[in-house]
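Each structure below appears as structure tokens.
Two complexes, one shared chain (chain A), two partners (chain B, chain C).
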Partner chain A sequence: MFRRIIISVLIFIVSLSFCSCWDSLDVNEKGMATTIVVGKEDDEDIFWVEFANLGGGQSEGSGDGGGEKFTIVKATGETYAMTRKALDNKLPKPTFLGTVRIVAFTESMAKEGVAEYCNRMRNLQEYRKALNIIVIPDEAEELFDANKESSMSTGHTIEATVHKLNKTGNSVDSSLSQILDWLSGKHNCFLLPHFVAEEELLNLDGYSVINEGDLVSFIPMDESTGIHYLLNDFVISTYTVPYDKYNATVEVHLKGKKVETSYRNNQVNYDIHFDFFALVKYLDTTKNLTTTYELEVEENLADLIADDLNIAINTSQTEPQSDYFDLCEYFRVKYPNIFKDMDWEEEYANAKFKFSLNINLLPGREYDYNPQVDWKGKEDE
Partner chain B sequence: MNNYITNRQIAFLLFLTLTSYSVVDIARAMAASAGYGSWLTILVASLLFAFIGLVIISLNYRFKGDMICDYSKKLTGNFISIVITMYYIFYFFLIVVFLNTQLSSILEAEFIPRTPRAVTMAVSIPIFCFIAYKGVITVGRLVEYYGLIYLIIMAAVFIIMLTQESTMRIRPFFNEADAYLYFQALREAIFPFLGIEILLVIPLSHKNGKSVKTTVFLAIISIGLFYALVVESTILKLGMNDIMHYNNSAIVAIRDMELSFLNFLKRLDVLFLTVGFSGFFMGISVVYTAILELLSKLIPKAKRWLLIMIIGVISFILAMIVLESQAFTEFVLDTGRYLGLIAALVIPITLLILSKVKKYV
Partner chain C sequence: MSNQNQNHNDIIEIFKKNSDNFSTRTIDFLNNTITIIYIKELTDRQSLSQFIVKPLIDAEYNSRLNAQTVLNNIIYLDDCKIKSEKNEIESFIMTGFTVILFSDSTDYLVANVKTVPHRSIPDPEFNYVLRGPRECFIEHLDTNISLIRYRLKNKNLRISYHTVGARSKSRVAVVYFEDIANNHAVTQIKQRIDSIDIDGILESGELQSFLLNHKLNLFPQMGIVERVDMACDAMLEGKITIYIEGSGIALIAPKTFREFLWSCEDMYDNKYIGFFLRILRIISLILTSIISSLYIATVAFHSDLLPSQYIIMIAQTRSQVPFNAFIEVMIIEIIVELLREALLRVPSKYGTAIGIVGAIIIGDAAITAGIFSPLLLIVVALSLICSFIPSDFTLVNPFRIIKFFLIILTAVFGFFGLVLGITFVLAHLVSINSFGVPYFAPVTPFIRKDAIKSVFYNKALAKKRPYFLNLKDATRTSDPPNTD
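What follows is the complex of A and B.
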């Protein structure tokens, strides 16, 4: 009898625990946030929150914009806590933050500092730490308007763009967990993707440089190739390489890099070696790519890549004077005791860089077309 | 089926008892004290505790079929034996109350924030008690199954975590200038290895053979290697700067992981919520079993079901009293390690010396 009672009690307890107790809530009873924009206007904090309408009906809440699938709700307040309270007062359902794909700071807010809101996200347990953080212009509504026709939320669209570019190394890691680690460090400087609304599309147009938690400068996308080589382990990019009177379009794959650092006469030095594999995709002439031309393409390509790298390093050493490449980590690992007492920003600004490139150029290897082979009779012509 | 605890079961029993809670916060504790050399401190600590494990298992091996309250009576007499047994009951009670409060605290902080902690404990304690009521042999069989699943899944999760970021984040692996820090951090490495004293309530059989000593030694070294894996991968994932902010650092690191190539299991925290917590549950159940076994020996006429109900109710009440007490947590993490050293080292080594003096073979 006692055994039966125990088993019955256990079955009851186990089934009770499957209900998630007090935390159980129907998905339809929650407001699923997909994008959060944090802004600043006239000394007031602003939240724009994009919610997914699960029913697919018309917008609900007191939003300014919105469409059939998504609702945008705006709230303002003197502090983040007050802004959140103002937001909650407008919403019929409790907000669920586990579905947020992107948190965007407006430029004005990023200039004030991103650290406080990042700390807030650290302690709001529902936030995924893998979500991406970006910076946008102050006109946040334009971002939502540009995505109006899309079947995806603004957050999902931006996240998909960032993930797609990350696969080819053409963006940088801006996950919340990575940013929290940077913000906790002694030398915190990093890049955040900067998105703008352009012709009803959301466009990654460059990177915002965040130093000590504040936005300090902007690097446009056309100056960012070197940044990708320095920050990512795998990058694919395309160059138009001039040779003789012609141009060759070459796809370059970064295969690996080796960073060596040394400290001589109170001078930080970096020797960075890059391994590339390059594929000639096509030429702007019907003439063949001879071995002489091939060597010229290789040399010119090396110059173009070196230019990109130099631009990236010079920008980081001059304009914001910030090591957003985390190169200090290489130095810390090799000279942990010297690094402890260093003023890294100053040392980094004066550091000397040397690049060496190994490019393995393959003309037309991937396709069933080899521009180097001619009809034999052509030699007689 | 065997009617004794096999060597493999002993290995998994140690594994679950030691790692179930410690795996959650060991990375933060070690990173804060030993920094980049945490792995070294842990491995040195595992070697020290492997020898302590050898002392305990040698004692059990000398008195086959007995547990500490039996052979302490033979070695020290009735009164001191009762005192020793009472000490272990008090110590295990302290640990079980601590583990219950920590379990409910982790569940509240990381998974079910709105569910009152009292409810979490009211649901879990009867299950622990039921497992303990079934006795040491059943617990041994259970830990063998749960332990294997726990070991495979958790090791896989932390190995995958090691591939998520650059190893620059956990280097330099050794810095001569910080060697003194690594040595000092041994103090922090004591608590994760406490739990080996549970062996004192596991009676050995003739069938265990001499290889049980090798099993225990290797099991503790393996636990050290597992801890080193957990610490290094968690630091790698969260970064040395940020890890200091999280008490439940391993859970936070697991929640940070999103594996895009695993379509059916992008987020791995569900694995901790299932496999990780099942290991935690088993670890607590083992401690309840130890209390019940000791009390049964102390009050042989009392019914086991009555004793376990009393233990369950008392542990629930005590856990409720200290539920929000930071002082209690600090007491267990600080003073508890010395009480643990008395239980795991001082008493067993004294009894082992006495057994040699009195020529028990």
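What follows is the complex of A and C.
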């Protein structure tokens, strides 16, 4: 018995000595990177890394003073590895990448290609695959300067903006896992949110179109409503719909869509059906909507949505000729043999699209009590 | 004079010589000498005078008195018996009985006029409940048995008396329902009590250590109970309760892991509240064991588990701390254990002062000085609070030790070490048994109905006793006609 105990203790001590994680570092002994900007300048790669300052003892979001909460460190090098080495030479602590919320490519770098750095992130296990990737103008410092007064890091501010918009379907998924998934496909074409610094605020001003890993085009935000309908399953957007001589402000909810594709006379056709729920929020008149006006609002709203959809499709078919809606998947599944032999970019550019919209409009008469309106909400005429 | 009489005289002489410790009273009656021997500290001397001595002096008999005549016609005592074994005389006297010897007879009388000073029935100390009876056991065995008898009025209630301790001669009572309790467990307990060979046992805790199957086991395999209603309920459940003279805490066997998380209140209160409280106790037991280890694993090894804002927040709160997470946790856990022990052992007047000093030193000064991170203080405070939630402290105590074991494993191996430690503890728990009943029943072996009743229990819903106890009578309904 005694011998067994001795042997067990010896085994335990040996396993402790050889197997344990003696090199682990406490979380406060690492440099907490929150934002990484990858840029290109004079054939050199540049990293701007935003680190959280731990010494102040103020938690993020506390809004307290106590000096700068974040430090920006810039490093340059001929390759990513050399740039990282240059960065490490400037830092007193090992960099912890698990807190990075945003990796931003400058436009110059995105034009050179984002695939290599995305592959690098795939390899570095510390990166969270849920972090967002965006594109920014070449002046990266402006981005950090715009966020200087904020209690949140630049990465968290941008991430919060993207997440908030994603909840209503008014942005696109740009998580690292999704980008890596797209990059691994045959026809990798996708959109990345494009942020700019405007009046000391970080503003999502549109989308950068990435085709085969390179930045090819930019779509401004005011042309992107149709893109949201085509890319997201749930979208809330607001329209000002004219009727008679008035305007109705309507909140539109995309409830579902169905994409059908066909191939006739060497022509790719898409028939996309959308289901919308629309709620009249308010009017620019004191008179409520009559049934006639309701129909008019519904028709006009359908036209506005169809316009947005057409703009989105036309933009993708003409300017960058990029199927960033991933519509090729529907076709590939239905016609795998035809798809195998075709030049999809050319076929996509010539594809015909037909939209059918089903809008369930709710007039939304639950306004303040009006004695001139009967209880059903119909105005005495 | 016969040889026997001569022997009685020898015994009387021995006790007379030791008159400081033993009292003797001699009454002559028609050439027959009646000698009463007793220990005055253990004897109700008023009863002795009134019911034994006085009737013997006043007796008007023409013939010589013998034990049978005295018992039947003279003394006024209910608890009195005739004995003839000479070697038992000393034992009877030592245990507080009064022995009446007759000079011309080998028979003698053993009269129970014992009196032992004891407390009145106290309120519970560690089985405290808001709702339910408050009667507790005391150090007087006969009082404890009477409290049981008062509640359980059934002829199948068996009380088996044993004596343990060569010098203490402590009486032990094994109480159970003959028609419910598992025979194997009853026999095992009685055999183990009879086989105890030790100079003295003064408390149920000492007795418990002799009765266990695994004597070096960390986990309690017998329950302790101070409340009468809990002991009665355990017996109705098919358990065996054990009482020892001089201890106000009874033992319950067999007892499984789940029962340590139960409280009587669960039965008396709404079943949904009972269900909620049991879940709460399970969570608190898990938290008290692993939360400090989780802190180390998160801070030192797997920070990625947390959202990035929290990682930065934790890093900021720890930025001034000079120790690594393991040392920090060990220091504060030891301080908390010291405070806990200090608060439990000192009189209540000092307890408040110690609490205030502890709170100020740990809660404020240590954080201001940057010795501990505020988050760790929350973690350890939570761990401490959780350790008070389970109703039975005998289960919590092992987990206090396991907590340190898990902290060390986590500090060395990270999360892997924590999982390894938990696996080791669970493997151990499922491998032990309490008097033949698997300790982790009804989870392993899994018995569906009993498992549901483990968390959702009410007597009105559970007409059957637990299957895994392997009882003679598994139903809670009235006794079968042939047994009553």
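By our rule, the second predicted complex is superposed on the first by the 333 of 381 C-alpha atoms of A that agree within 3 Å, B and C clash if a C-alpha of one lies under 4 Å from a C-alpha of the other, contacts with A are read in each partner's own complex, and residues count from 1 in each chain.
To be clear about the criterion, a residue touches a chain if its C-beta (ideal position, glycine included) is under 8 Å from a C-beta of that chain, and two chains touch if they have at least 3 such contacts.
Just so it is clear, the model here is predicted, and its values are computed rather than measured.
**Student:** Where does A:S184 make contact in the superposed view: on chain B (first), on chain C (second), on both, or on neither?
**Tutor:** So A:S184 only meets chain B here.
**Student:** Once the shared chain is lined up, is A:A52 touching chain B (first), chain C (second), both, or neither of them?
**Tutor:** second
**Student:** Scan A:K129 for contacts with chain B and chain C and give back first, second, both or neither.
**Tutor:** first
**Student:** In the superposed arrangement, which partner chain does A:D26 touch: chain B (first), chain C (second), both, or neither?
**Tutor:** second
**Student:** Considering only the touch criterion stated at the top, classify A:T34 as touching first (chain B), second (chain C), both, or neither.
**Tutor:** second
**Student:** If we overlay the two complexes on their shared chain A, which of chain B and chain C does A:N337 touch? Say first, second, both or neither.
**Tutor:** Touch status of A:N337: first partner only.
**Student:** Please work out whether A:E329 is in contact with chain B alone, chain C alone, both, or neither, and reply first, second, both or neither.
**Tutor:** First partner only, chain B.
**Student:** Chain A residues touched by both chain B and chain C?
**Tutor:** 16, 20-21, 128
**Student:** Tell me, which parts of chain A touch chain B in their complex?
**Tutor:** It is residues 2, 6, 9-10, 13-14, 16-17, 20-23, 122, 125, 128-130, 163, 175, 177-178, 180-182, 184-186, 329-330, 333-334, 336-337 of chain A that touch chain B.
**Student:** Mind pulling up the chain C residues that touch chain A in the complex?
**Tutor:** 298-301, 303-304, 308-309, 311-321, 324-325, 412-414, 417
**Student:** Can you list the residues on chain A that touch chain C in the complex?
**Tutor:** Touch list, chain A to chain C: 16, 19-21, 24-28, 30, 32, 34, 52, 54-61, 96, 98-101, 126, 128, 156.
**Student:** Could you pull out which chain B residues touch chain A in their complex?
**Tutor:** Residues in contact with chain A: 36, 109-116, 119-120, 123, 126-127, 130, 168-169, 171-172, 175, 177-178, 237-239, 241-242, 244-245, 252, 255-258, 260, 305.
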